[in-house]
Amino acid sequence: MTSITQSLLAARDVAKRYGPVVALRSADLTVEPGEIHALLGANGAGKSTLVKILSAVIPADAGRISVHGKQANLRKPGDAMRAGIGTVFQDPALIPDLSLQQNLRISKLDRDDVLPWLERMNLGHIDLDLLAADVPLAVLRLLDLARALARDPQLLMLDEITAALTTDQAEYVFELMREWKARGRSVLFISHRLGEVLDSCDRATILRNGVHVAHLDLAGVEESALVTAMLGEELVEKVEAVGDEAAVVTAEEVESRPVVLELRDVHLRDRVNGVSLELHKGEILGLTALEGQGQNELFQVLSGDRRPTSGELRVEGERLNARSPYDAIRSGLAFVPADRHQALLPQRSVRENLSIPLYNRARRWLSLVGDEEQRVEQAVDRLTIDVRAGRQVQRLSGGNQQKVTIGRWLASGFDTLLCFDPTRGIDIQTKAQIYDLLREIAGGGSAVLLYTSELREIPLVCDRVLVMYAGRIVGELPAAAATEEALLTAAHGLNEGTAS
Amino acid sequence: MTALGRETLVSGSQAPWRRWARRHGWTIGVWVLLLALIAYYATLIPRFGAFQVASIVNNGSPLVFLAVAQAIIVIAGGIDLGVGGMLVLTSVTAARLMEGQPLVVGLVVAVAIIFAAGAINAGVGWIINVSKVPDIVITLGSLYFFQGLALAILPNPAGGANEWFRWLFTGSKTGIGSNPWPAIVMITITVTAIGWWLGKTRQGLSLYAVGSNKTAAYLSGLNAARVKVLSYAIGGGFAAMAGLANTAIAGRGNANTVGGNLTLNSVAAIVLGGVALTGGIGSVIAVVPAGLILFFLSPILTAMGVDPNSAQVVQGVLIVLVMMVTGIIEWRRRLRS
Amino acid sequence: MSTTPTTAPVIETDEPTQLQRVARYLVNHPHIVLIGVLIVLIFVTGAIEPNYLSVSGLRNSALFAVPIGVLAAGQTILMLTGGIDLSAAMIATGAAYVAANQSPKGAVIAIVAGLLVGVVAGAANGVGVGVFRVHPIIMTLAMSGILLGLFTSWAQTIFSGSTRMGDFIRTLGGGSIFGRSIPWAVIVWAVLSVFVVYMLRRSGFGRTLYALGDNAVASRLSGLRAWRVLIVAYTLAGLLGAIAGLLLGGRVGAVDLQLANNFLLPSVAAAVIGGTSIFGGVGTYSGTILGALILGVLQSMLTFLGAGQATQQMLYGSIVIGLSWLYTRIAAAQ
């Protein structure tokens, strides 16, 4: 792009911090008229923060934003809309208890404004009298898109819009993006799916740790080059080094060991559709899937949070019919959720966080457990938790918080550890430590079921891996064969030959 | 979910009447319950006529207005424990200022009180916004503040109201009579107006939006803080209507009326009226019969030969039961999603 | 689709200034501030009425603080779980009413019958909130109405008769030992305080209360069964309410159905002043004790100033709003 034309959007030195956590250190972003621009970065790199600042949802601490060369003062979402910036956020911005028509009303739009766009997305027949709460998520995302388009923005920002869409729905979005570009308008596109990005975008800005590290022309760029740019050279190597010392057990060896957890044809409404699996003593069984393939619900069933609609769970051969997580925990299943908000007591101390499962039973209510302090100290030592800010867990760093969620079960004891994406959004050292710990746990005779979205790390830590698609297990691979490519093929359901 | 399932859902497979019944079922149910109770009451007592109807509507009107006040605030995502205090405060202020005055002065005072109450309660909403303290703590404070202020204005039951002003709310210059129409007209006009505003205007819908999902409302460009202040202001105005009705019925003001109990009744009425305490769901049209039913329990029990004090017990049990039922419905809905 | 690599957010901390350090220390030790406020209030009251700074002056403040403090123990326990008990005053009244009614049968029966009222009503609250998930405000407000209705009608039927407390309870509520220096009620409160402080700080049940209030989802996933905790918590709060009612009834002597009405808001206010969060998860009973004592001294001060019910109510309302505002500010600044 030449500098003769004036940039549509120019953001310079944008910074934002939440308390001690720096979300954006100093980010630049330039979007030219008539281009589709990708904003890339690892989780926690600051993409969503930047989008929220540009759409004036949150204020920036520092930085300048100009639209068409003019300094823009964006204070509230309405300002950004008026400045010609339309955004489709990661979470639908529709009010669940209002009808779609009423939702349009509060956005000062009419049926006629959005209908042409809905027709383009094969939603022309949609009944606007439905409550938003009754409409599927994918349709809500498309409605959000139609609503943004109806305002005729100069710049359309799409934050992870394709994550919840089916392939054909995503294709409508790409088509509209191309059309928008042809009109001389611009699109800022955010997606984790690098293939999509390479197919549809012209240029990219890459963020790392809240700083822009590259502005790229995407023509002829390889996916691996993008990943390297997102992670940084040395980090990629470090991740690969994690599992080196781990002694991965052979498949035959695992098969010979007793089964500690068995699922037989487990269903949960239309989300989990007949999952059967066996988890052996001393193994780390990996599980992976694209977003929203029923893995969340499967773990809800395993942790006793929800009851399966049919099928059964067996723990050491005994049938487990859990009414609440308490029952699952009593039979030895310990669950570490991905979202730390679901695991931590943010305002309580490390000690209380680590010891809480000890007090699940009323007969321990009258005093504190005698060896509470030793148990807590052991867990802290084993995980090397930094307890300097331990009076309130919310003041710990993300990595230390994640350690607390695992350490809780070390302090109270378990037979099988169910980990849901335990390394999401944490630093590389902690990640390595957690993987080492998981291997240690498996080596000690416990079993681990590990869901992770980080495909390249699966062969490093797991003994074998299952792939889930549309609520079913669609593939099983030994760790050695679990290359990124093989996993991705399975995760897209391509082995079955159907894509519905 | 299969593609087919989505298609049918989005194109609206429900018959229009079923959807209408589903959305307005609670409202219809509460109205039917009220009419059924009145019909039952008519069979219990020897003479049922205009006097009985007038007595129910007139004496029930303060609770109806107070419940509408609470409903508006709760729909917008708040809860105001102070409405009972506001009722007492406006009631004694009206009694004090209107005593011995002609109707015109009384009307001016009434309008002034409604606006002042709206402004004061808007201030409460503003404090909640700025302090970020939960609504219930701040309004627990405002409840007692209003109650104390009422006591300071009128330490002992006293004051009065113009007899035509009393007629306006009770259909009688003495507060007791057989004419229910002025009260019915008063309730119908105000509630229909506010119901229309809530359901049909963009500003009214913004109350539902903020109460339903604050984040999504903000992303849609709505100003949640302003909506909160607005809901508290309108709620304050309706609480003042309740206070004025109270003064008109009693013919004087009594600062020893326990505002907290009135607040309880208003919360009970909206719960019975199908307003979700979590915000964003409910209709003021259903709150009217709910308020009347709660008031009506006591005369029915008396007519049945039961100690009228048990009305309070029945009320309490009824509310808890309604909460359990709605809780279970909500729980099942969440399981299905 | 490709991998979703992650990098960690960066943590940065600034060196605090001297003033910030002092502020942070006080924020972490709110008791020091509360004790300071208490002492200042005592001396201000002494300046208004010099006779106040004597055994009998302070004794009056303490006597007023006792029912608030005991009721507030229940509020603190429930507020820690994210709940509240708006039926506490009515439970206290009901317990006192039953105890007075049963007094002719002897002190033991009277006390047991009174406490039973609290246990039953509290357990019912606990079942409603814990098992049926009724909102605590609604459940306890409804319970308050139910109790008022029941006792109003029972006052003429099964509980018609004595409304005077027996001698033993009157001594407990209003009598003193060591001459006229230390009221029995204060000693009862002190014993209860030791019990409640121990429970919150050093018992497994205390841990569950904080956990539940801080994060209900996390508590459930850690294996806590909320309904069990809540039933016990509300029953305990009911029991404490009943004890408060007996002490108050013993001090007043004759019981009516308005007995404890004026103590509901102060009991919530004491917990709020003491730093217990209405959201749950944060707070101590020692803070609440200081809150109750501050309200007791304030009461004496208002009496000396000749302030009536009106001023008191407005003041309590303002204190609740002002202090909760302040605490929220402090928590946000952290």
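General observations
Each chain carries a letter (A, B and C) given by its place in the written order, and its residues are counted from 1.
To be clear about the criterion, a contact is a pair of C-beta atoms (placed from the backbone, for glycine too) under 8 Å apart; a residue touches a chain by one contact, two chains touch by 3 or more.
A quick note: this is a predicted structure, and the numbers were derived from the prediction, not measured.
Between A-B and B-C, more contacting C-beta pairs join the chains of B-C.
Farthest from subunit B, judged by the mean position of CA atoms in each chain, is A. Taking the mean of the C-alpha atoms as each chain's centre, subunit A and subunit B sit 44 Å apart. With centres taken as mean Cα positions, subunit C sits 30 Å from subunit B. Residues of subunit A touching subunit C in their complex: 17, 20-23, 25, 42-45, 192-196, 208-210, 223, 226-227, 230-232, 235, 239, 290, 303, 305, 324-326, 329-330, 335, 337, 341-348, 352, 355-360, 362, 364-369, 391, 397-399, 408, 423-428, 430, 453-456, 484, 488, 491-492.
Within the complex formed with subunit A, the subunit C residues making contact are 1-13, 28, 202-205, 207-208, 210-211, 214-215, 217-225, 228, 232, 281-282. On the side of subunit B, the complex with subunit C involves touching residues 79, 127, 131-134, 136-138, 140-152, 155, 258, 260-261, 264, 267-268, 271, 277, 307, 309-317, 319-320, 323-324, 327, 331. The touching residues of subunit C, counted against subunit B in their complex, run 84, 128, 132-135, 137-139, 141-146, 148-150, 152-153, 156, 261, 264-265, 268, 272, 278-279, 308-321, 324-325, 328-329, 332. Put simply, subunit B touches subunit A in their complex at residues 1-3, 5-6, 9-12, 19, 202, 205-206, 208-209, 211-213, 215-223, 280-281, 335-336.
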